[in-house]
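For clarity, chains are labelled A, B and C in written order, and residue numbers in each chain start from 1.
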Amino acid sequence: MPSFLEFQTQLLNGFVLGLLYALIALGFMLILGVMEVINFSHGILFAWGAYFALTLRPIVGFWPALLISPIFVGFMGLILEFAVRRSYGKDPLFGLLLTFGSAMALEEVIRIIWSATGYSIAAPKFVAGPIVFGPIFYSKYRLFLAALAALLIVLTWLFLEKTPYGAVIKAGASDSEMVMALGIDLKKMRWFVFGLGSALAGIAGVIAAPLWSIKPTMGLEAIMPAFVVVVIGGVGSFWGAVIGGLMVGIVTGVSVMFMPRTSQIVMYILMAIIVLIRPRGLMGEKSILE
Amino acid sequence: MEIIKTESLTKRFGGLVAVNNVDLSIEENRLTSIIGPNGAGKTTLYNLLIGLMKPDSGQIYFQGKDITGYPPHRIVKEGIARSFQILNIFTELSLFENIRIAVQAERGHGLEMLSSTGSLDEVNGRTYEIIKNIGLEGRENIAAKNLSYGDRRILEIGIALASNPKLLLLDEPTSGLASRETGSMTDFIQGLARDLTVVVIEHDMNVVLSISDHIAVLHQGKVIAEGTPDQIRQNDEVQEAYLGGL
Amino acid sequence: MKKMVSAAIRHPLFWVFVFFLFLPYILPFVGGYTYLGVEVLIWAIFALGFNLVLGYTGLPSFGHGAFFGVGAFALANMQLRLIKGMWIPLLAGVVFAAFFGALVALFVAKKRGIYFALLTIAFSQMFWFISWGWDSVTGGEDGIAGIDRLPVGIPGLFSFDTSEILHFYYFVYFLFVVCAILIWIIVHSPFGRTLQAIRFNETRAKCIGYNTAFYKWMAFTLSAAFAGLAGGLYALARNAAFSDIMHWTQSGNVLLMVLLGGGLTSFFGPILGAAVFLVLRDLFSTLTEHWYLIYGLLIMFVIVFIPEGILSFFKKEEGKRGLLVFRK
């Protein structure tokens, strides 16, 4: 029976993980919501973010790497979009398979460049080591990660809600005809959204890197929860992704304590339950996506 | 004799009340038209009657039986069928298959996995019959998407007919038709009304006034008037709500 | 009798069967080998069954690899723990896969499109994690080895030793013929027509009297059964069952095969797709160790340039789509 202290720590871990999952799911959701594409490559782009950071950090330091990596990953997304755009408006399986193919190719390129061995990267010195609140030791980096993830989530929200470009994106998601009628270049907007979503994946990869070991298959560990989060939260819902991410993270964290062997599948059980009770997810609306 | 009636039927979409406490009763063997401005709730009403949407409150009775909340496939079995305003046919299938698949459902063969479709003589026979009755014989093997618009509009109704309904709900059947075709569509609908109860949502007031036995006017989700064509023509409220039709 | 024979010869399936009957003798001359033929047949069974859901009902399932895996592990456990043999373990594969297919279908039958795809991905991942962790049933990381290909036959009359690869090929061939005929019948039955109606306009299908959720459930369960049979055969072919069978790449493989071959518009697409895919796999994996890169690019190429698949190039007029036009 874990002690209360252990419980608190794991709960906190789960919360931190949840914020990371929410961030990952958000980028995924943007592309899903605006272009109705299930971007299987989202996970591998996350991995590329981590690998870029791995390579860049020794050269330029932590903060520059944090800013540059997502830009690179965003560019990769922009290039990928040229292929993915062929699948817009078609049966979802086309976009799904296409991005599945690109995910495989991109993963293999990682193996070619960096080999299949895992790397680890240390937390930057200013947030390395534990922080002490009374009897609790907690990882400084985890708190830093949580703060960064929360910040990025808030920034994304501000962008979508408070800027005109964000408004256009939200409109484009629900009414592309109107957007075109307003003279906005739908093609360019979608291109940008794909780049933005990819950049979000990339930055998530950078901040997750010191926590998770860097290996070619790390993308899977990012994208699988994203699917679950989106189903739980409701396709197309911003806060659904956030709440869904937190729920998945916390539930996983808690189960590590009580039933470690089930920790990986607990999120699916949660998903199954929610699908039964609320078929469109916690905050999903009836959409064309059903 | 009323064939279908609604009691306090209500449907909301977020803040918008599309169908607002509607008590409507349709008499059998009459041709009733439902008219009203855009957004009045007519199509939503149909969606509720056919079970595609569930009401937030209220009841629907068909031939005395409470069918509220029944899913579409059960409602069809009770004897109600509808056509759609925006063509909702099986565009990739042939004309023949469009009708045949509906007849197959009506005859109850849907779950047969090990027999050949070609051997369903009764279904095939009835399909040919319906195609003849709707005037589209000779075009059986054409893919529905390659038919003329007018033929597709007829097919749209034909599919509903294949379900052998007692009550047929038509949604803007003349939508998009040239005036020449409208005439034959109107004759067609009047022909149908001889054998079954027909309800028509229609925008073309000439059509409405000429074919209807009874008219119900919807506005903002409520029935604001009902009566014969003459009564409706003289109704002030209707004139106000529905400018430029009468 | 003569009429039946001439009708059979005109049926395209007949020629497919003839082709595969003689394939083992052709293969060595084109640089192939019998095991490749076995794989093609196994995946063809998987893909044909899967196409019931994808091509005929129009549901983008990205999780059928799970049922393939269940079939393999059910066979393994049955053979090694309960009843040795071929038929009963294969039956176990079919039954267990169908059972889990039916279970998952309960969750997804009322959905379609993106939501459907997301759920099938998630469920198949769940199966994968379970199989990875459930050591006692799946052998976890190590998998289950020591699956034997035992003799089949009628006791007292004859016995056919399937441990030799050529004999196993014909065992699989027999099952392939049975499955192909069965699926052909299903697809051309009233039920099969209903599936297509659901694919092309589910709302209208509901409004003419079909309980579409039930039909989708049924199609999904059936396809899982075929996947389970294929999985069992696959375990027999490799003499082992590993968790990699359930990996989502297998779901992607079967999807790609169906698409590549033209399963969206032709009954035979899955068969062709399985053959082409496996041949390309062999070709490219001998050329480079980075086969996955080629594979990924290949998938992208297919989706961008030949999304309707190879057989779509052979469909001339609209009306000739055998699936869609009924001729008396």
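Of note:
Quick note on the criterion: contacts are C-beta pairs under 8 Å (C-beta built on N, C-alpha and C of every residue); 3 or more make two chains touch, one makes a residue touch a chain.
Keep in mind it's a predicted model, so treat the numbers as computed, not measured.
If chain C is removed from consideration, the chains that remain connect by touching into the groups A | B.
The chain with its C-alpha centre at the largest distance from the centre of chain A is B.
Between chain A and chain C the centroid-to-centroid distance comes to 33 Å (mean Cα coordinates, whole Å). With centres set at the average Cα position, the gap from chain A to chain B is 47 Å. Inter-chain spacing, taken between the CA centroids of chain B and chain C, is 42 Å. Per the touch definition, chain C reaches chain A in the complex via residues 54, 58, 60, 62, 107, 110-115, 117-119, 121-123, 125-126, 129-130, 133, 249, 252, 255-256, 259, 290, 292-293, 295-300, 303-304, 307. On the chain A side of its complex with chain C, the touching residues are 32, 36, 38, 83, 86-87, 90-94, 96-98, 100-109, 111-112, 224, 227-228, 230-231, 235, 261-262, 264-265, 268-269, 271-272, 275-276, 279, 288-290.
Residues of chain C touching chain B in their complex: 185-186, 188-194, 196-197, 200-201, 203-212, 215, 218, 318-319, 324-328.
Listed in rising order, the residues of chain B touching chain C in the complex are 50, 52, 71-73, 76-77, 81-82, 84, 88-94, 96-97, 100-102, 104-106, 109-118, 120, 124, 141-143, 146, 159-160, 162-163.
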